[in-house]
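Chain nomenclature is as follows: A, B, C, D and E, assigned in order of appearance, with residue numbering initiated at 1 for each chain independently.
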Amino acid sequence: MTWFFDNLSYIRELAWRHLWLSVIPVVLGFVIALPIGYAARRWRLGGKTLLSLASVLYTIPSLALLIIIPGLLGTSFLDPTNVLIVLTVYAVALMVGTAAGAFGSVSESVVDAARASGYSTWQRIVQVELPLAGPVLLAGVRVVSVSTVSLATIAPLIGVSNLGSLFTDGFQRYFATEIIIGILCVVVLALLLDVLWVLIGRLTMPWLRVRGSR
Amino acid sequence: GSDPTNTSAGSGSKASASSSASGSTTQPIVVGSASFGESEILAEIYAQALTAKGFDASTHLDIGQREAYIGALKDGSISLFPEYTGNLLTYFDPKATATAPADVDAALKAALPDTLTTLTPSAAEDKDSYNVTADFAKKNNLHTIADLKGVSGLSLAGNPELKTRSYGVPGLDKVYGISGISFTPISDSGGPATVKALTSGKVDVADIYSTTPSISQNHLVTLSDPKNLVAAQNVVPLIRKDHDSADVDAVLNAVSAKLTTASLLELNTKFNGPDKPKAADVAADWLKANGLA
Amino acid sequence: MIEYRSVAKTFPDGTEAVHDFSLVLPSRSTTVLVGSSGCGKTTLLRMVNRMVDPSSGQVLIDDADVASRNPVELRRSIGYVMQHSGLLPHRKVVDNVATPLRLGGVGRRDARSRALAALETVGLDPTLADRYPGQLSGGQQQRVGVARGLVADPNVLLMDEPFGAVDPIVRAELQQELLHLQRDLGKTIVFVTHDIEEAFLLGDQVVILRKGGEIAQVGTPAQILADPADEFVRSFVGLDRGRRTLRIQEVDGKRVVVDADGRAAGVLA
Amino acid sequence: MSGISEGISWLTDSAHWHGDDGFPHRIAQHLGYTSLTVVIASAIAIPLGLWIGHTGRLRGLAIALTGALRALPTLGLLTLVVIWRGIGLTPPIVALVVLAIPPLLAGAYAGLESVDRATIDAARAIGMNEWQVLGKVEVPLALPLIIGGLRAAVLQVVATATVAAYIGLGGLGRYLIDGLAVRDYPQMVAGSIVIVVLALVLDGIFAVVQRALSIQR
Amino acid sequence: MIEYRSVAKTFPDGTEAVHDFSLVLPSRSTTVLVGSSGCGKTTLLRMVNRMVDPSSGQVLIDDADVASRNPVELRRSIGYVMQHSGLLPHRKVVDNVATPLRLGGVGRRDARSRALAALETVGLDPTLADRYPGQLSGGQQQRVGVARGLVADPNVLLMDEPFGAVDPIVRAELQQELLHLQRDLGKTIVFVTHDIEEAFLLGDQVVILRKGGEIAQVGTPAQILADPADEFVRSFVGLDRGRRTLRIQEVDGKRVVVDADGRAAGVLA
């Protein structure tokens, strides 16, 4: 405990960095997965394969990906971009399936009604399908967010420090306290972020709050 | 402060706060470290020593993989790194055979890429060493690596590369004639998992870096190496040539001159001690005690 | 006036939903398409606003082929009310009703006030305007659906089993209201149902369909009852089962009309 | 991209296809860790998930728990257990079990929740007792989602079982760790390819099973 | 005979579904509970087989309080047919029908042959026996539900809007079949609906309910039509809206009976 208070500012900095190393991939992953998921949903033949491929992206070992990315993209070695890219790849892998499911969860009859009221295709996708896919998308984002916060702890392997540094450091020094504090910080960060997504969900989807209050 | 990759905000801000004639004209120096205590402390020592002499030096600690930090040195993300002569040589020339300190240093200079250079190695050495528990040593009457020849069904733990490197499994066979070893690769550079494997009897011998405090803490016996199987591993500053200058050399050579194997052990012991101090503080204390800051 | 000229529809999966259908639907009156499930009613209805394009034949509104019109524009000009209200669950009631106006380019404020007026027309309390559809009862939702169909004041209103999902009491209320509305507004309404009672109640012209959109009989309710075209129609309107074959019985001093099964149908005035 | 072709030639080199370091042995080890993990995790998560789904109790707790478990970093857990228990099978299995529980748990309780309430009600109404409702109605109907949870868990574990190699165990992670230690990139790429292919194959098997299970409804 | 003695039910969330309900349902006849949505019909029905336990009061079957019986045993002895058939989607039709027998300990082969017989009783083609419920039409599924309710030959049959989800034509067929079946079997049937027409058709005794399970009127259909207890009943059975107030009109030489709105109701025999 004393170690925790002695190193508070250090931990706070690691946590801060951990935060944006996680949030950016989650947001990017979401944005990238949306169109892919939508396409997988609409495109009957290739859709299943696309989803399978996406989920298998997730199984590429992170260590290999982390080492290969700088060579592949010409990014510099200690660039946090590498971590962002790797985590984004995993976020996309996790999110595509949910996105497809989310668009699938939108009631056909509502989409049909929107078409019949004279929505053009784009208006319909943006103003009807996207918001109605919202609840499932939110659930997906929450899972991806938690996993990403946890996964981001691999970043110190390539010199991008974050809360994961507490593991490597604690391990080297045979110092369980530091590891436990690291784990707790990761969990707390993940939960805080989760609360953030839930709040954003509440703000952007007000109609869900009142459901069932009839 | 604005560079998000800089963990060691403390030393970084200290560096920019002070300024002197020599420092203000050179480019900023970023000292990297691997993710183990000794490397971090050495990086802090370099950085703080440079800062004390007016250089704009900061640190980027805790880079887990050699791939990553050598790459970072090459692309200029960092400019200086505390390295070990033998390991560095094997990295750039996996087939190198030199073992004596001077030979290693010479071979290293030849093997380094154009953009990088090493300064004068210090006397301080931290190298792979073969260790057994006191009980095991007594039971088998072990003093040197050569004594292992008599033990049958020998098992060994160490970093994965030990399996193929010349100072590892192949070397034990070639130099000491010890064969039939079963090898357990543990990727913690002789850290706690390796020590635990040894003390819990899972393996007979473990490769642990010689300045690791856990050797004495666990009353392990380090087997001597009469045939120089393990190459010299002197601490040496590895620096980008474009950051190298006589002024920088003067500072780092002064540090190297004071560093000894004993001081490495002492630093490590302090760092791993019950207080779990920060690497920066351990480094600062040492510099002060040695009149370097 | 809406006119079907030999339309047919075969869906991509090979289902022949409509075989060959021709009919004229007079303006400012209600035509009800009635038939059992899967006979092609919805398919026919959706040809009017190009939610379905016929495989062959034409649909004309006031002598202009709908195929020549941009489908999105066309849909905006036609009211459409469906069984499960088809309301957008993420939009407030008033915004749902305002949708066709907003899509047609009407300003936000103007659209809102016209939407509120439409809600009033269908007898909905304006305090409900700022609720979400999920907060309304089934009957209220259907009313909102009708309001949305009417708000842009279209000449043509398509209604696909609009009251199919509400309970019979509310249903009867909604039917009465539609009758009153139509008396005032005089739209050209195409109404789909599979309930013959509803068809007889609402239809100026009733079209009884067989599978594949084949017309079994067209006429006013009384014409159909008095002179059913064939056995299918007799059975469909219930003339065969005796429930249309009424007789008079004395109960507690009142003249109760009962059908052939002895089921009470009503009391003679 | 040349890295990938070198990886493929490393992969197709017959020298790497036998012995303790050969792919067959490493794949077998990898599958061994995976199945051990999934069996243990299933034994914990599925009964718990079924209980939560059947009774509807503690659902909030289950959601919070899966969230928290998902947040637990594998690497941190691994190092922590190593410090406590030393090396061996325990640390990676503990870390992997923690990883596998959330999808399994979620699959089980979401599976049961997905079963139409009216069907369960009908089962009770025709005289099934609670065990019969669970065993004859809820579980069979939830099976596609339960298997879906299993599928996700297996994929994650296959991908993450590489951590076993950090602390001296075998499995396909060896190629990554050993390759990295001696800068043998083709070896790393080859190992990664085998892991991905293994995952694809397992995923395909699960897809077929899931399809077969849901075909009649 | 089924008897309700001052039963009341308040659900854990505070909803008072049934306030105070007493009624005797004679054996071997059909009693229909009819009322609008949420008035407590289902709650009352489910008290008979202890799917709901009353908060106070008793339900007796042949003078024995059901509360004294093991609920699982009790349910196995009572047939139950519900709106959405409640079939197990993962079991073949014949296995669904056989389930009550199997639960009661009947052997597999015996159960199967009795299930096939029950399918025949409800007029289902035996070739459908080996399909899954999802492969049947809505009407066929309801028939399977009825077969399952009858298969164990229970004395009491509970039916909760069993025909609510099928289209009117199929619905009419199913109603006719139930009437025929009941003529042969003479079960004690409690039937719930919110369709007054259905209630009048099927019920020997019709119970019109208000909110909270309050009885508005009990009687035969003709009694209720001829002598409605109050305004609520008048309105519920449609006497107020004129659709039960019939008169006779001449169309194409036939005497057509029309209601106050001019809607054709039938032809006079």
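Here, a contact is a pair of C-beta atoms (placed from the backbone, for glycine too) under 8 Å apart; a residue touches a chain by one contact, two chains touch by 3 or more.
Quantities reported herein were computed from a predicted structural model and do not represent experimental measurements.
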Chain labels contacting chain B and also chain D: A
In the contact graph of chains, the distance from chain A to chain E in steps is 2
At what distance in angstrom does the C-alpha mean of chain D lie from that of chain A? 20
Nearest whole angstrom, what separates the Cα centre of chain B from the Cα centre of chain C? 84
Centroid distance [mean C-alpha coordinates] between chain D and chain C, Å: 53
Residues of chain D that touch at least two other chains are 82-83, 177, 180
Two or more partner chains touched - positions in chain B: 65, 67, 188, 192-193
Would you please write down the residue numbers of chain E that are in contact with two or more other chains? none
Which two-chain combinations touch? A-B, A-C, A-D, B-D, C-E, D-E
For chain D, which residues count as touching chain E in their complex? 116, 118-119, 121-129, 132, 136-137, 140-141, 216-217
Interfacial residue positions of chain D with respect to chain A in the complex: 3, 67-68, 70-77, 79-80, 82-84, 155-156, 158-159, 162, 173, 176-177, 180, 185, 188-189, 191-192, 195-196, 199-200, 203-204, 207
So in the complex, which bits of chain A are touching chain C? 109-110, 112-120, 123, 128, 131-132, 134, 205-207, 210-214
If you look only at chain B, which of its residues touch chain A in the complex? 4-5, 7, 9, 32, 35-37, 60-65, 67-69, 71-72, 74-78, 188, 191-193, 214, 271-272, 276, 278
Spell out the part of chain A that touches chain B in their complex, as residue ranges. 3, 7, 10, 13-14, 17, 20, 67, 70, 76-80, 156-161, 165, 168-169, 171-175, 177-178
